[in-house]
Structures are given as structure tokens and as C-alpha cells.
């Protein structure tokens, strides 16, 4: 498995569905963003982000995302999607994503997503809460320490 | 437009997206159920089903659905999806669906869906409420009267 | 695992993606047909159906499909999708499908699909070729013999 | 309609499907990339890109794409997706995308896509063919001249 993938904090195995290929015979471009989303949500679960949102009304919003396609994917294959948080600012953080083809043993795509912390009760962006910030640092540190 | 389509109570025009075609170069089979859903939700809106559910806690659940594929669809095309309620029983009704290709001027698929009225507050099936039943009959009668 | 699932000839584990849930907070109905398709294609691969189609121009077409929804699915969960061929006629066969929630240890949905053998070179339905019929019987027998 | 949208070379009206909303009750992020794709393919059709690919074996590959989300979308709504080519380099061009909510009369998202011209027969990137370059300039000029 490539270094970029082992550097990820959270990874998931996702089988490629035949029906996700488009008329070009390749996995359609929007499915890569589904991979990003799947591993993003898994990361959020490790932070207990949903519980946090239910309790405090502060949750994540995807502000922007980008994907660079390196290699077409085809059924049958299983991808490993991985993510880690690359940087944190006052009211947002940047996640990096990798999509690895286990059949070809190559990175098929990588990308980023900018996630804003949003106060749904007052409808405005808010700074990343301190305890969430600590959790993220712990999760990333634990990763580094492996 | 075919008779089966003019017999529908609600119809909607839906453009075929290129990305909805699969590796066979045809619109993937699951997209037909998206067409059924889209026109089903539109029908529910005409009944103000969501308002009903918010007020009384009684809403629709799709219990089963079926599609018969008559002709493959391809981009570019615009389908007309249509629906009507075929029958009502104590606690469920049956919707009929049609998918018409405007490019080929032919029915591409038809099907049915069985919708159960469910009491979300008491977690059980309930008879179709009388006022909802009346609304459905009016909607279908209005249609018949055209 | 339920008896209906162990009776399947081919099964696959498929993780539920968060993004496959709709605004009701349940896995959207069309995704169940994606599960059916995924395990249908896997079954076809075991028959080497694609190789057969490339060599002889005869391949499968989904003529109709139906799903009965037993229980809503939610992320996180992993479903086991299973299929077996229920019956064969002159020019078509019927596949049965099961979708099992590993979280709830219950069948979430079942259904059927009618698959027609089609001669793409002469654009007409053809009888199931004898060697394909034998392969299917072997695959189903192997299963029965477990 | 906003200036950014009138500045687009190709626009398309796309109804929002209820089933494209996710568990947050908003149109899922991957659907925005479907909007981009739909209008990208429409643009390619105006260039007769598919005919070009069939004749010369040179076609477009999406190398990367990005979306900035400005406002959540909800059913019912109809978006207008628009695109124009922002710049051309030796062997690639950059398309700009806009997604406009007709219900809210606001841009819901914008983004870009980098498209590489690829020689499928020799499996390598190639310069944008001169006649394709001319067609693009004509299409963009016609637009400017409106």
C-alpha cells in the first residue's frame, strides 16, 4: 500500500459497483466524491461529530472540494479511500483524500475538501470548538504515533 | 403522446443525464426507479402529503415496487414520467408508473408501487385517512374528467 | 445468518454509504436495485457471461425487476446481498434476491429479476444456450450440495 | 438571471429530484458534479466531440474538477447549470461551471474542470487539434457576440 495511504488517519475498503461505471466503461467521476464523502463521514464519526451537533448545534459543512483523477477505475476492483486533516484554521479545516485501486496497486485519485464549522442555531460560521480541535489533534497524533 | 401517458394523473418531464448511462451505454436500471420516485413525490405534493405527515404523523411508505423495461434509453433524450393511483385498499394504495421516451415516442418502461399509510407516532400501519382518500379520489376524478 | 441467505448461490458484502440515505434518513429505494444489480453481475461473472457475449453475441437483458422492502436501512451498516436462480424457461430465467442487514440481523428486502437471453447480432430473444444452461445448473447444484 | 450565468456559453435547465437529497435534507454534494458533467457533455456535443473521437481517436478526459458550494439546494427547485471555456493551453482547457437556483434566484455553486485532449489510439496526451481549437473559439465568440 502506498505511503500516501498509510499516512491517512482513516481508511475504508469500498467495493466498486458495476453500475457505477458510465458509458465510457469507467467509474463515473461523481463516484470519486462519494468515496471522499464516505471516508469523511467515517472520520466525523470518530470525532463523534453528530453527537456534538445534536448537543451543541455546531456541525460541519462542506464548503468546497476538488478531485484530481490519476487513473480510470473499473469493475471489478476494491478501492481503499483514505483521509486525514491537513490543516486547521480559525473556523475551518482542510481534509486530504486518497483513492487507491487494490487491483492496480496505484492511487487512482486524490483531492481535498474544505470543511467549515457552522452554528446551525445561529446560522453562522463559528470557530472550531476547542474540544473538537483537541480531538482532531489527538486523532491525527495517534495516527502519527502508529 | 401515448394513451397510457394521457391516462396518468401527474406527469413530469425529466431530461436524461449522460452520466446516468452505465457501461452498456444505456440508462441504468435503477434510474427508472428514480423516475418512478420523482413522479410519486410530485403526486404526494399534490395531496399535501408532507403537510399531512407533519400535522398527523401519518405518511406514506413504499412497500414494494416493480419495473418492466420495454426499451433501452440513451442520452440525449427527455422522458415523461407519469403516474396514477390504480387502486386503494384499507391501508394501502397501488400507483401505476409510465416512462415515455420523447425521442422515440414510445413507452420505455412501466411499473407499479404499493404505498402503505403508516402512523410514525405509533409505529404501525393505519387505514388511509378519510380526507386523504377523498383527496385522492378528487385528484383521480379531475383527471378522468379532462 | 438467515436461511434465505444461506440458500443463495452468490453473496456479497456491501457497506452502506452515508450518501445513499435520502431526506427520510433511510437508504433510498433505488439503492436496493443497485444491490440486486451488484450481485446479479457477480453471478454473471461466475458464468463468464461477458466472455460468452463477446464470443457469441448472446447476452443477458434485465426484462423486469421487483423489490419488497421489509425494513429501512441506515448508515452505518453492511448489507449482504444474495442471489440464486429460481427457475429457467426457454428464453429467460428468474433470479431471486435477498438483502440482509448485518447490523439488525434481518432481511431488509427481497425481490426478483427476470433476465432474458438476447442475441445482440440478430436483435432478438434466443433460447438460453445449452452450455450456459448447464453452467447455471452446475452452479446451482454446487450450491445445493454444500 | 445572474451575470455569471448569462456569461456562460451553454446552459441547461435541470429539475432537482427529491431522491438526490441526502439525510441532511439537502441535495448531496456529488450531484453538483453531475450538474457540471451534464452541461460539460452538452458543450462537447456542440463541438461534435464524440464524432471527432470516433473519427480521429482523440477525445476529452476530465483531469480534475472542483466545486465551491454557496448555498444548499432542496427539492422542489430547478437549477440552471452553465459552462464556458475559461482558457486553453497546449493540451488542455479549463471549463468554468455555474449552478443557479431558479427558486432562490441565486448561484448555488460554481467550479472548474480541467479537460485534457487524449489520443486513445496511442494512449497519450496530445495538443488540442487545430480544428477543435477553432470550433471552441467560434463557440465562445458567438457567445461573446450575443
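Which chain is which? They are A, B, C and D, in the order written, and residues in each are numbered from 1.
Note that a residue touches a chain if its C-beta (ideal position, glycine included) is under 8 Å from a C-beta of that chain, and two chains touch if they have at least 3 such contacts.
Everything numeric in this text was worked out from a predicted model, so none of it was measured.
Chemist: What chains touch subunit A and also subunit D?
Modeler: Looking at subunit D and subunit A together, the chains touching each of them are B, C.
Chemist: Farthest chain from subunit B, comparing Cα centres?
Modeler: Taking each chain's C-alpha mean as its centre, the farthest from subunit B is A.
Chemist: Distance between subunit A and subunit C based on Cα centroids, please, to the nearest Å.
Modeler: 31
Chemist: Starting from the mean Cα coordinates of subunit C and subunit D, work out the distance between those two points in Å.
Modeler: Measuring from centre to centre gives 35 Å for this pair.
Chemist: Can you compute the centre-to-centre distance for subunit B and subunit C, using the mean CA position of each chain? Integer Å is fine.
Modeler: One centre to the other, that is 24 Å.
Chemist: Can you list the subunit C residues in contact with two or more other chains?
Modeler: Residues 18-19, 28-30, 34, 37, 75 of subunit C touch two or more partner chains.
Chemist: For a test of understanding, state which residues of subunit D touch subunit A in their complex under the given definition.
Modeler: 28-31, 33-34, 37, 61-69
Chemist: Under the definition above, what is the set of subunit B residues touching subunit A in their complex?
Modeler: Touching subunit A from subunit B are residues 18-19, 21-23, 25, 28-30, 75.
Chemist: Which residues of subunit D touch subunit B in their complex?
Modeler: Checking each residue of subunit D against subunit B gives 12-15, 17-19, 34, 37-38, 41, 45, 75-76.
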